[in-house]
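You will see two complexes here that share chain A, one where it goes with chain B and one where it goes with chain C.
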Partner chain A sequence: MVRYVLKRIGYMIITFFVIVTLTFIAMKLLPGTPFKTQSRLSPEQLAQLRHYYGLDQPIPVQYVQYLWHALHGDLGGSFQYGMRPITTMLAEKFPVSLDLGLEAIILGAIIGILLGIVAGIKRGTFIDYGSMIISVLGISIPSFIFAVFLQYYFAVKNQWLPVAEWNGGISYHILPVVALSVAVIANVARFMRTEMVEVLGQDYIITAKAKGISSTAVVFKHAVRNAMIPVITILGPLTAAIITGSLVIENIFAIPGIGNQFVESILTNDYPMIMGTTELYAALFIITVFIVDILYVIIDPRIRLTGGDA
Partner chain B sequence: MMKMPNNDITNDMFLPADIDTTQSEKISRQSLSFWKDARKRLAKNKGAMISLVIIIFIVIISLIGPHMNNYGAYKQNLHLVNLPAKIPVLEKISFLPFNGTEHGVDIYEQRHIKQNFWFGTDDLGRDLWTRTWKGTQISLLIAVIAALADLVIGVAYGGISAYYGKHVDNVMQRIVEVLSGIPNLVLIILLILVLQPGLLTITIAIVSTGWISMSRIVRGQMLRLKSEEYVYASQTLGASNSRIIFKHLVPNTSGQIIINTMFSVPSAIFFEAFLSFIGLGIRDPQASLGSLINRAYGVFQIHPSQVLFPSIVICLLLICFNILGDGLRDAFDPKLRK
Partner chain C sequence: MDNILELKDLHVSFDTFSGEVQAVRGVNLELKKGETLAIVGESGSGKSVTSKTIMGLIPKPPGKIKNGEILFEGKDLLKFSNKEMQRVRGKEISMIFQDPMTALNPTMKVGKQIMEGLIKHQNMSKSDAKKRAIELLELVGIPNPDARVDQYPHEFSGGMRQRVVIAIALACNPKVLIADEPTTALDVTIQAQILDLMKDLQDKTGTAIVLITHDLGVVANLAQKVAVMYGGKVVETGTVDEIFYNPKHPYTWGLLSSMPKLHDHSNKLLAIPGSPPDLSDPPKGCPFAARCPHAMKVCVDHMPGYFELSETQKSACWLVDERAPKVNPPETIGVRGE
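Let's look at the complex of A and B:
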């Protein structure tokens, strides 16, 4: 176990290093500079600006400097916002995005697990087909299209819910959270159904039934608990889906989170901001996958890690 | 039940069974090749067949659609901006959005416009019927090229990695492990930023992460197949490595490969639309389904119908490709074979 964890941590560090390097290279290859739009600048002023931001150094020097500063938690300043430190800006906006993402994952997991359980128990019935149709729709329809139509129907046309903004209370959260959780619901429901069907066919379920335990107890004590374990494994891909979704959902509902900021900084060539956000997303993803893998081993003792090739 | 007499059982009560040696080799189940079997199973799957028909229908209409009127995809006309959809016969059916009215007002009558725009026009007066189908063409083109590139790269990488094994495999798998740790969104956005948005760039960006899952599937399958006897036999007969990979291993992995390719099509369609929606996609005046939705979203609170048609087309495509992919998976899964 210890060996496995150490190995995984090693990979995490390598992966993260690769990402930081790739991001840095990408930013250096980018066409256009952040100063391009201010065409009034004289060459001297431009040179001064470039010197001020360290852009006149050789690229390897910039790279080492960047790594060194990043290690100390300094990701530079945003070009767009008068050199406000990236770390401060991300720290400010991250809670909003985290809030949105967690709400969507929790809502999605609860509904998805319930749908999956019901579909698995009532296999081959109307309920099963119904929930599987919902899950195919949820997997297929992009969250931004879903969001656009939710926004139109509930906010523009009928004005039951606010169109956008985030900080006005629970009613402002409903539409974005629902839009973002659709993919979670669909994936969890489908996965949960497959697991339920498999678990319900196991010998220990037959044994439990043979002992005369009521079918509700069999389902909830034996089947559901065992079926839920593998669902943890899709948390990694779901985090990626939530991050992807949040870029557009935050944009559509004007939520002041990282996703919204990221799209904005892409469109304004705000290099340090793009780099910082990219690295934050990557770290989030890598750490989630890591935690999920470790949790999975801890929760399910049947999984044995072989020290040699795990 | 009949009562059996307690008498002895004598030999003359028995007859030797009629053994026909020519029949002993007969196979009771009708012999079906792998492909025939899969095809038969797929044909039985109603959802998958309906999806296939809808996909074919969308492909055909996206090819002939732009030629069904002569407004052209790029021609702007500021007198004809933001018109709602109007289709001559269907306008009589009140629940369909084809009667040329918006918020209860017949825009065509109000602005004295004689032509019909089947899907309406956008904020520059371009015909949305033509642009929607042009956009469908582009989205499908990107998706198909991306899926094929995933296939080629993934099969080659996975095949080489599994076949040569040992150090080659070790190095190649470590690379994949690091790559798969990077969220694909991040890699795709970085690539597009560097290469400038465009049809080719989007395809490259989608492929840059898409091939990994294919290579993993192919490698897993091949590691299993590698120790099959027919591969040993072929090796003994002196077949070259590439011959064994491409004649024995690849065909036997083909079911899995096809399923995975089928699923990479909708994921490519999604990513293209997603990128266009955040402003990193196809550039105007070219259109893709995603860029049409993005543009329509700009005027969406006033003219909501513009966002409707490209959204319906893209949702239909994604749903149908996913259902077809599920159907193929069921059809090719040997575990279900009876």
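Let's look at the complex of A and C:
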């Protein structure tokens, strides 16, 4: 187990390095410069700016310099925000997205799993069809439609909750979290239902029933744990996607999150910001996948972690 | 009335897209204390449905019990509520399943799987239940039970898993044990071990066994009484000796003929030609008439009643009627040990 974890961490570092390199190359292939918008600059001024930001050097040199600084925890400064350190900016914006994302994933996973369990048990009934209709709607309708609907009903028409402002209070969390969790609920519920139906048809469920234990015990002690195994697989990437912030939802609710920041940085060729955010996303994704693999071992005793088969 | 379990005119059907399938059509069976009754018949004859109905494990819907009684110690299990049935399952009547590879929960330690029933039915504490689970593992012949109790099913071989399944079934000293093809999924050497184990445990605990199988060798080994099922009906019952040495029903003849014989290398395996009847549209007369080499006109039109041949043997075949022509059983009937 320890050997496996160490080996995995090694692979994770390599993966991360590859992602950083590819992003750097892709970013340099983007047309335009960070200074395109200030079109009144004379060529001399532009050259001066390029020199100031180190962009006049050959790309390999820039790359090595970037890596060297990054290794020392310095991701550079934002071109658009007067060289404010990227690390400071990420530390400021990311917690908001992380907070909302985690709340949405926890809410979504709990509701989704419960909905899936009930639909799976009551297969072919009104409850089953009802929850699957909800699920299909949740998957096929984009989250911003729900967001707008929620805003209209809960904030405009009834004024129970704030519309589109942010001060971090709980009432400001509710609508965006609900809007974000709809997709999670839908995906998890559909998956969980399929797995429950599959597991409930297994022989060991009959064995459990034949012991005379209650149907609740059969479902929660025997069925759910087995049905959870594949669901964890989709929860991993889903979590990574949601905690890294949703551009649309953050825009609609005026949330100062990282999703918004990322898109802006690409549009303005804010190289250090692009690199910093990508690195954060990549690290989160890699770590989530790793946690999912560890969770497998905890939940499924048949999976063994050995150094040999990483 | 020393019958511990008695089925009276049991009818079980399933609703399917192609209509109602009448899987069990009027089954009568009797089981005495400590006795072993074998139910034999080919796939689709209704044996497994019968056993699951006794346990109350038929999914409803699509299954439904149309008629009949299942008397356990004189009380009709079909009238029991869900809660009452839970108290019967695993405690009074328990079950061993066909495939030990899938009958155990892969994500739960075997010890815990044995303990569940003990905690539910005997109000044992966790530590007492674990002690008992270790005893049970030892009883079913699993070496090193102290360590094995904390292992997961995938750490056991097929034969060992079947022993665990048996330990689960025996945990609360049930009065009736239903074994649904307990050796079918095991290889031959392990089959013999499991049968020996079941025999041995029956001597120790006095449990009555309903053994469901299509393997007549297993029947000869373990059972005192045999019920031959075909097309959802019991076509012949009797003691093991009567069924093996003096069978009257042509289907029983067919079954016995299709047994491979130890000393006869020249002949090919005999099979009963044709296939079982479609139970969504069951025949009016004898279900075996279409495949029976001795079928008469009456067989197609009327289902025969039971002809009592001795105190223990009954056969549902018109050939036994005194008006029927004399037909001798085929010489291909193989009897074990001859």
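Please note the rule applied: the second predicted complex is superposed on the first by the 277 of 310 C-alpha atoms of A that agree within 3 Å, B and C clash if a C-alpha of one lies under 4 Å from a C-alpha of the other, contacts with A are read in each partner's own complex, and residues count from 1 in each chain.
Definition applied: a contact is a pair of C-beta atoms (placed from the backbone, for glycine too) under 8 Å apart; a residue touches a chain by one contact, two chains touch by 3 or more.
Note that the structure is predicted; figures quoted are calculated from it, not measured.
Of the two partner chains placed by superposition, only chain C is touched by A:Y204; chain B is not.
Contact with chain C, but none with chain B, is seen for A:G212 once the two complexes are overlaid on the shared chain.
More residues of chain A lie in contact with B than with the other chain of the pair chain B and chain C.
In the superposition on chain A, contact of A:D300 is made with chain C only, not with chain B. Within the superposed three-chain model, A:F149 lies in touch with chain B and out of touch with chain C [touch as defined at top]. By the touch criterion defined above, A:T23 lies against chain B but remains apart from chain C after alignment on the C-alpha atoms of chain A. When both complexes are overlaid on chain A, the residue A:T15 reaches chain B alone and has no touch with chain C. When the shared chain is aligned, no partner comes close enough to touch A:F220: not chain B, not chain C. Of all residues in chain C, only 55, 57, 82, 85-91, 94-95, 97, 99, 102-108, 113, 116-117, 120-121, 152, 154, 165, 168-169, 171 touch chain A in the complex they form.
Residues 177-178, 181-187, 189-191, 193-194, 196, 266, 270, 273-274, 277-280, 293, 297, 300-301, 304, 307, 311, 314-315, 318-319, 321-323, 326 of chain B are the ones touching chain A in the complex. Interface residues of chain A facing chain B in the complex, by the touch rule stated above, are 11-12, 14-15, 18-19, 22-23, 26, 29-31, 136-137, 139-142, 144-145, 148-149, 152, 156-157, 240, 243-244, 247-248, 251-252, 263, 266-267, 274, 278, 281-282, 285-286, 289.
Of all residues in chain A, only 202-204, 206-215, 217, 221-222, 225-226, 229, 299-302 touch chain C in the complex they form.
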